[in-house]
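Okay, so chain A shows up in both of these, paired with chain B first and chain C after.
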Partner chain A sequence: MLLSPNDAQSCLKCGKCTSGCDINRLDPSFIPHRLIHLVTMGMVADSISEYSIWKCSTCFTCSERCPQRIKVTEILWMLKEKAFKEGKSPDFVSKQSEIIKTHAKLFPISDKDNARRQKAGLPVIEEYPDGLANLRQILGDK
Partner chain B sequence: MDYALYLGCAIPIKALKYELSARNIAARFGINLIDLKCFTCCGFPVKSMDNLAALYLSARNLVIAESQGLDIVGLCSGCVATLSEAIIMLEDINLRKEINGLLKKEGIGQYKGILKVRHLAKILSKDTILEQISNNISFDLTNKCLAIHYGCHYLKPSEAHGKLEDVNRPTSISKIVKAIGAKEIDYDLKSQCCGLTMMSADESIAYQLAGSKLKDIAEKGADALIVACPSCCVAFENNQKIACKAVDTTLSMPVLYYTQLMGLAIGMSDKELGFEFNRVAFKW
Partner chain C sequence: MKQVGLFLGCNIPFNRPDIEYSARYILKELGVDAVDLEGASCCPAFGTMPSLDIEGWAAASAWNLVLADEKGIDLVTGCGSCYGSLNEAKHHMESHPELKEKVNQIYAKVGKEYKGTAKISNFINFLYESVGLENIKAKVKNNLNGLKCAVQTGCHNLWPSRAYPSNEDNTFYPKRMREICEALGGAAPHYSAITDCCGMGALRSNASDKSLALFKKKLDVIKEELDPDICVIGCSSCLLQFDGGQALLAEQKKLNYQIPALHLVQLTALALGADVDKVAAFAKIPLNGVINKIKGGN
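Let's turn to the complex of A and B:
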């Protein structure tokens, strides 16, 4: 199953996720356990309006530390997903989404890249020919 | 041993030195890396957009290798973590059904769940290979002090990586450093993230993360930083100047992939190891 807000319910508010978070150390306004707490209170709408969710580096340190085995990193991903779907994500996310919907890759390969590869003795990489329909359908062909 | 080589999006463009050295060192030890067509993004960036779409992307890559009867070897830690996580998620029968429905529409076969995904470093750090390395040293590195950045996704989530090593005390790359005769240095910020994945959201924090780590290893006397992931390499090598500036320092810290290090020790050529692409020069 994909994660849902229920998967955060067992949170003890112990703050162990936050105390191991590199991003929190540099930016005290990013507080993972507060975001998890909002989710457990059914306040997902509030949490996805916070720009700070995008600052998570997805390092998984919090998930490894959580005494309740809550997948903190994944819950934050779920919040990003909800924010994206409601049009509340920063511009860089929609840009990335457009690239991926067109090329099925975040860094599409150009002829120039392939020429560089060949010069270095590496094989040519072909663009992905088809099968993007599914992806476009799920991601929404806006 | 045959494996499907999964390169992902970043390596073919941003990490030619890693790809070259990986292919050449693998060949040297009888690891046959096979290129398959039609691989796409592993799904990692798509998790912020749609988790089902991300899982579908992971699954279609898995199926492409699985239908050839091959396990996957990855070079990028982010890709390996994402594909490995997908394997666990797809143990859920209903989710697997849904994904297989999508795969059917694409017409590339069904996911069976019989393949494994491994990071190349985990294979190259096996004792049998390291013994061969130690017995074939032709370039002396005994006076070198090396710092290792394992990288978050190389180790975590531990469940996805099959709990193969202790997240807090990893050993695989340390064993490589030992086998080539160099000294591994310990440092305070060893487990700190490179910051690259959150660069778009907050540059200043990302640069501080990379910069503080570089500063830490320099103070501890490191001659180079060893990495195993193209994103980490970009954070510490391509962005080194600006990352150092973020922590008020200037450094010229060489960054090498573990594959380059192994090749160097056993006398492989600069060309085979892609050293022309290293941005911070080093004369060893």
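Let's turn to the complex of A and C:
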């Protein structure tokens, strides 16, 4: 975890993150500046108990708009990482992470996929090339 | 001949190998040698490991940069998620030396070292800067004949801007893809939702209905303001939403129009003379209108 709640302390509560947030326009229950406010108040537990942290699309618009250059998206990563470690994350999050740790790819290439690729005039991709074995071990050990 | 490492990521070779075909085609046409990266891993995308395990993310991401360094090449990718994650991981390791040290401690066990020399580009910046608009124009065989393009750069091709070696003058008013489409003979006007998120990524995995609703909001603006012949997409993840997402919305009877969608490298390949059956082999939305227009029909 590279960021801490201190990295959110300069928040002005101006709401520019929220007013530029596509997810907020679609789902008003996702309020980035409220989450940042909870973090600055030391209420990390309250912010991670909100399921809404998982609604973030990680588009980074909030971070780009922030006049204080607060890394809003990464503050949410910090909350997600903490939530994940406390077992408070949706199933898909751990499933995707496990796939990457096992295969070192989100979509491993099978024989069927390679047949499709060859039909499209593309080279075969080895599912587990020798060069990937070490990384699979590294990730598997984590 | 100029060389570049072709970073395919997970999505393109698995879901849309026609983007890979097009990328290889245009690189060859433009006189660039595409170097394959055997043993490349997942980038991994922002919605996955970066949200859960920063060290694991950095170790997985940097693996690809080590492969590039070992070959002495820079990378280019057609996926905005890969572009974002690889650059952000590199940026994190540069700004947090303790993270780089941790990754190298892990790598030492398998005889690798992350140095961080290789640069990561996307096809937008590669075509715009490394190839250049005039060189692209000189290679056009099938002029787009005024084809009206709605451009989608993709969030992670723009942001987080602090991590990127090259970018738009104003990331909230992107022009590079529009200028590339114009160099191919198309028209690519600005529209008000040009930088809006398409809803792909973690949101699509987590809440498919919300993801598609967000996408439809953007597509409705495109239809209303531009009514384009085609959507041209700078990111393979966004393309899955623009092509497959329209098909899903149509199945759910939530969309009563269709706009064909191609990745920027696919449109470029068409203009540079590639066969449409190969360039768009896995497109769900028919491209007949686009092809007729390029051939000079209506």
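Operating definition for what follows: the second predicted complex is superposed on the first by the 126 of 142 C-alpha atoms of A that agree within 3 Å, B and C clash if a C-alpha of one lies under 4 Å from a C-alpha of the other, contacts with A are read in each partner's own complex, and residues count from 1 in each chain.
One rule holds for everything that comes next: contacts are C-beta pairs under 8 Å (C-beta built on N, C-alpha and C of every residue); 3 or more make two chains touch, one makes a residue touch a chain.
These numbers come from a predicted model, not from an experiment.
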Task: Could you check whether chain B and chain C clash or fit when both are placed on chain A?
output: clash
Query: Once the shared chain is lined up, is A:Ser19 touching chain B (first), chain C (second), both, or neither of them?
result: neither
Which superposed partner A:Leu139 touches (first chain B, second chain C, both, neither): both
Message: Going by the contact definition given at the top, which residues of chain A touch chain B in one complex and chain C in the other?
response: 1-2, 22-23, 26-27, 54-61, 63-64, 71, 73, 77, 80-81, 84, 89-90, 92-93, 96-97, 100, 104-107, 109, 113, 116-117, 120-123, 125-126, 129, 131, 134-135, 138-139
Task: Sort out for me which residues of chain A touch chain B in the complex.
output: 1-3, 22-23, 26-27, 51, 54-61, 63-64, 71, 73, 77-78, 80-81, 84-85, 89-90, 92-93, 96-97, 100, 104-109, 113, 116-117, 120-123, 125-126, 128-129, 131, 133-135, 138-139
- line: chain A partner, complex, touching residues on chain B are 7, 9-10, 12-14, 16, 19-20, 23, 35, 37-41, 45-53, 55-57, 60, 81, 89, 92, 94-95, 102, 105-108, 152-153, 156-158, 167, 191-193, 195-198, 200-202, 205, 208-209, 271, 274, 277
Field: Residues of chain A that touch chain C when the two form their complex
entry: 1-2, 22-23, 25-27, 54-61, 63-64, 71, 73, 76-77, 80-81, 84, 89-90, 92-94, 96-97, 100-101, 104-107, 109, 113, 116-117, 120-123, 125-126, 129-132, 134-135, 137-139, 142
Field: Complex interface listing, chain C residues touching chain A
entry: 10-11, 13-15, 17-18, 20-21, 24, 36, 38-42, 44-56, 59-60, 63, 67, 84, 92, 96, 99, 106-107, 109-110, 112, 155-156, 158-161, 171-172, 195-197, 199-203, 205-207, 210, 213-214, 217, 278, 281-282
